[in-house]
Amino acid sequence: MTKRKIRMGMVGGGRGAFIGAVHRMAAQLDGQIELVCGAFSADPAKSRASGADLFLPGDRVYDSYAEMFAREQAIPADERMACVAIVTPNHMHVPVAKLALEHGFHVICDKPLAFTLQEARALAALVRKSGLIFALTHNYTGYPMVREAREIVRSGQLGKIRKIVAEYPQGWLASLLESTGQKQADWRTDPKRAGASCCIGDIGTHAENLAEYITGLRIESVCADLTTFVKGRKLDDDGSVLLRFTGGARGILSASQISINDENALAIRVYGEKGGIEWHQEEPNTLLLKWPDRPRQILRTGGGYGYLSAAALKATRLPAGHPEGYIEAFANLYRSFASAVALAQAGKRVPAAALDFPTVEDGVRGMAFIETVVKSAISKQKWTKMPAL
Amino acid sequence: MTKRKIRMGMVGGGRGAFIGAVHRMAAQLDGQIELVCGAFSADPAKSRASGADLFLPGDRVYDSYAEMFAREQAIPADERMACVAIVTPNHMHVPVAKLALEHGFHVICDKPLAFTLQEARALAALVRKSGLIFALTHNYTGYPMVREAREIVRSGQLGKIRKIVAEYPQGWLASLLESTGQKQADWRTDPKRAGASCCIGDIGTHAENLAEYITGLRIESVCADLTTFVKGRKLDDDGSVLLRFTGGARGILSASQISINDENALAIRVYGEKGGIEWHQEEPNTLLLKWPDRPRQILRTGGGYGYLSAAALKATRLPAGHPEGYIEAFANLYRSFASAVALAQAGKRVPAAALDFPTVEDGVRGMAFIETVVKSAISKQKWTKMPAL
Amino acid sequence: MTKRKIRMGMVGGGRGAFIGAVHRMAAQLDGQIELVCGAFSADPAKSRASGADLFLPGDRVYDSYAEMFAREQAIPADERMACVAIVTPNHMHVPVAKLALEHGFHVICDKPLAFTLQEARALAALVRKSGLIFALTHNYTGYPMVREAREIVRSGQLGKIRKIVAEYPQGWLASLLESTGQKQADWRTDPKRAGASCCIGDIGTHAENLAEYITGLRIESVCADLTTFVKGRKLDDDGSVLLRFTGGARGILSASQISINDENALAIRVYGEKGGIEWHQEEPNTLLLKWPDRPRQILRTGGGYGYLSAAALKATRLPAGHPEGYIEAFANLYRSFASAVALAQAGKRVPAAALDFPTVEDGVRGMAFIETVVKSAISKQKWTKMPAL
Amino acid sequence: MTKRKIRMGMVGGGRGAFIGAVHRMAAQLDGQIELVCGAFSADPAKSRASGADLFLPGDRVYDSYAEMFAREQAIPADERMACVAIVTPNHMHVPVAKLALEHGFHVICDKPLAFTLQEARALAALVRKSGLIFALTHNYTGYPMVREAREIVRSGQLGKIRKIVAEYPQGWLASLLESTGQKQADWRTDPKRAGASCCIGDIGTHAENLAEYITGLRIESVCADLTTFVKGRKLDDDGSVLLRFTGGARGILSASQISINDENALAIRVYGEKGGIEWHQEEPNTLLLKWPDRPRQILRTGGGYGYLSAAALKATRLPAGHPEGYIEAFANLYRSFASAVALAQAGKRVPAAALDFPTVEDGVRGMAFIETVVKSAISKQKWTKMPAL
């Protein structure tokens, strides 16, 4: 019998959306997932037009996510969607995810997980109870060299970690773009849809997640300075945060949306007692290794040299020198998600190692980070502790 | 009525192949093309196993390309494949393409086009006669910044072109890899499957194609030094070629497979009377512009700044700073190919502008280049002319 | 009559010293300054051996700086030293400078200016009263592209400044180097010779000075986290500081001596409402300009293009592409210092514009910064104000 | 008794000259050499004005080099110049050097050595006969990382050398600059002063010298394409040369003065059977090492890591991360020259190892290269052999 692709629906991501298109490309890249249905917009006409663009039959394009979940549930098991990608603005993540889980669908959801930490915690409880697969697309963890970095840190090659510098400068919100109706800017700067923070919520959490993903350390307390530089804007567009990690490591996390002409310059440097690493998202196939007594090394994706870890190799599709980019990294999360869903569909136990993607727990941590940073920003005390999770 | 995806078959690209997997990812990235059948290997068992890996139903996986073309032709028009991707070693390109065209299938074929120039010319004649779409995957032309470079040169901003330096160093064949049974090395170094040249045929043609694509100039004569550095190898693994272009421009083309630790470092520099450009495949989202009296400029993919040409914008999917790579560039050829096939399927005239990919004519030029370089390499005369085409 | 070079003495900088040799190379590079005497070490034998290395006659090499100042004063005016370079550990800067000024010698002194802020203020008062020239070698301000950056910011091209990110990672103190007797590490980590801070005093002040030099803004308050990562060390070896500037700009200043394999990676990024700049000390001949709607520009030292400011051109000696480095930048301070001393020797008024180097006032600011950061580091309050100066 | 500095005279290098000022900075950087006299221009008034600029007493500034040599010879040995720097246009190198040697002065001379190969050979014979020190300022050999590269190649770490790619693109002669009276362009493009070639003579020889210096290999035959792109120019402004080395290595040498906005981008890549190296003059403190099975390594000047060779360490003055540039590299030749002259002055034998700079023999090879390339450029035969030397 022919193996079947994983059938996926989508909520959000209609015409003009950025991240919805990314999710679709990432999902389809490896040919394991098939988009079978969608509720692409709160506007039914737009949803239908978007579905047609995507070659979907009209009867699998829905006017609302609630309708989609209800009607898909009624389709025979071997045809209905098995999972759903949630690519809406932040405030809708939890309501949609909750309903999907309640209808028995596995979920892959964009970040940040929720609108508030409280909401996030409730969702996490629901996921645990449901036994369903839940992936959160902190997509930068999908890069091969991020995985290599994690292996290097965790293997102890760098010794005990002392310092982490994570930065994420962007410049696209250096003027009041939301006043022009630009869709991406519009919802990200709107407290009703984005949540308590723009800059920290949208990109600061990526930096936070990356720092914890690579080092395995946990942020213990923060000291934050948030700023809204652009007049008329309702949320922060720049944030600088001093970090203290459990175990004694220190750090700096800097995120900015007003750093003109910086594009998507997420970067991380980690220094231990024995060595350091450095990685830049805009040059993602390179990882720098730093040693006190040996020349700096340039590690590269692609398997030809024989030095990469299995974790990095698993995440690289092409020989060295054939640039793999943002979509490929994103697709690595989808590939692992699809494998986990396939196991679940087959009725097999899904081992922890198969959850090779950020989970709802990472999402809860991200929400805790956002709330703690916002709290710190208005505090006169230097340090604000992260809540117990 | 629901729009349908373009249905595609594949010849070659079974388990262990590199370029076949690339073609599939490129074809599927944008969700416009559906792989419906294949003859993935000359070994029927391997073909079937490969088809199963790809979620194809058993009855659409064939034991041979001849069988595939015959049987697909018999399937109703709205289900059978419309086009075929040819991803075999070089010597099979023409036989497969010829049969595909004779059965009325559009073709997208890996490069170099043929085994010999003569064969290439015959195929070009057949394509012209057939009225079918034929694309050749000189994939580096799919990068947004290559397209931007072409627009800049053609707009005259650089003035009359004086000098072109194209280089393509790789290091993966620095030892006798073919003796280990490594599949990629095996056929590329075998005169019976690769043709008259390894290094020039496999990668030198990419550099030649890129130089002509960007500048619109044509190579008039060459002076080549080909070398086989690795003992026991049957074909060249390094080539240096002086170039003279029609109109007076000069150039250097350097290709190498023994440049240890150089990965896939295709790069091109073009200098005119008023300015210059520089592009590196391994950092593909950047294009350098050089001026005599102004600071050097760094152009970047992604549309936010407002300075990119329509041709570049059409080839970029993500905002600036979100790296697009090899697969995305490759997918740009597939996207244009799919659009042209869709027009043809709809019975519409396919305008020249829609053939936004390298064609069979580029393939003939590539074969002429290979043969002329090989001829020059054994000549004592400095210059060897390219044949009239 | 033949013009004469400026005659200079030196205090400190004996065999094995780093910065003394740099000062001598910088002073001599342009052939305007002649080293005529010195008290190179507190150890008279070492002082004499060092003087002989430097081709000085024995009677101009002194056992102590006090002896030097007294005896040089007794030499006829057209032979005695006119100025003195102070290149001792920090705690000696003020005593030596004070005595030099009291003997009528112009002074060029390494940074930080003093051991304490109080001491620095007293010295500044003495300088003002003396009417003598006093230069402080915050040498990074001597780079052509730092001067270009200042011109660009001050011309208003970037608009109102919003954010400044200054960082200075080094890795050379990642282990307890001072325990090996290494001279540089020994005094820099000793509170009795270095002062209240190692990392902030030695390199953090350079970053602070650079930020204020380029932008003209003044730090208003700081929030600091200082750490001593290496066990057994007596002073900080890492510091992260949030900054608030007068007028509303925000910033981050990061200095580290435990960032393994980072060498001397001072870098600064400045973002305004209209554009930004970025400069890296290790690639000093390049300045990046960032715009919201135009390609990023790469400015380069060397005058051939016609776009550099007069201030930058004055500081560059070679055509573009001929790397100018650390010594040349340092020499730019010496060149301006020599010109000012020549004016003063000729009995002319020295206009403010001729003081084209950091002055004693910059030194006072640096000491205030060090003390404020140290104070902030032990405070539980988020923000600590800089003192009025 | 006080050690004395080496006393040096200079021929050429008057006001407005580029390379003369470089020689003076390089000579003075380390404080071992003292400029005591000069004949700075064929125009006596200009010579005197230049001497005054340089703080020289009027009686040591001469109207002609012949006068200088004659009158300096008459000065007591412990005051007269010991050596002379020749920084004139090419056609004067040999006449001046010849006369200097005949008067018993050691010589340091800019490149290329001579106007013709024949002249160069005669000069070499004279040098050998004289027993005097003769240095040729192929200054790029003075960079620490070039010396490290040589050590690496010669130690056999790269295995047998297969391929050398040396390039030297500049853009400053992309228009007819000589028509504006620009002094540098004027003589370099004048066959009467520059010799048989502009581009190959001025910069191509640097690339040739660097290739042979690093690898120890000798060019056996060349295949050249020289072009004069700028209308009205009398000599070549661009050259591309295929190289064959004794022992079987192949190479490409590309030099250009019309590559707009390329500054002084001399670069070399050397590939052997076991590894490769890459060095760029514009980023001179970095050397890349390439391996087939290990990560690429970044070697850096400055001695802190413990991995550099003694030869490289000897040529580096500063800790890692403190950029050393063009002048420092140039000064390394002067430092070695001064040491050799000091030995000779002291009546000691100067061992071969002390001649740690390019010699008259390198100059003869350079002239042979220029003449062979010019000959090849007008030949219809592919290969032209280098003459026996």
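Labels A, B, C and D are assigned to the chains in the order they are written; within every chain, residues are numbered from 1.
Convention: contacts are C-beta pairs under 8 Å (C-beta built on N, C-alpha and C of every residue); 3 or more make two chains touch, one makes a residue touch a chain.
Because the structure is a prediction, the values reported are computed rather than measured.
Where touching is counted per the definition, the chains common to chain C and chain D are A, B.
Centroid distances built from C-alpha atoms place C farthest away from chain B. Between chain B and chain D, the centres computed from C-alpha atoms are 44 Å apart. Centre-to-centre separation of chain B and chain C, using mean CA positions: 55 Å. If you average the Cα atoms of chain A and of chain B, the two centres end up 34 Å apart. Shown for chain C are the residues that touch two or more other chains, namely 262, 292, 296, 300. Listed in rising order, the residues of chain D touching chain B in the complex are 162-163, 165, 169, 171, 174-175, 223, 225, 227, 229, 238, 240, 242, 244, 250-252, 254, 256, 258-262, 269, 271-276, 290-292, 296, 379-383. Those residues of chain A that touch chain B in the shared complex are 2-5, 18, 21-22, 24-25, 28-32, 35, 52, 54-58, 170, 172, 262-265, 281-285, 300, 302, 304, 317-328. The touching residues of chain D, counted against chain A in their complex, run 289, 292-300, 305-307.
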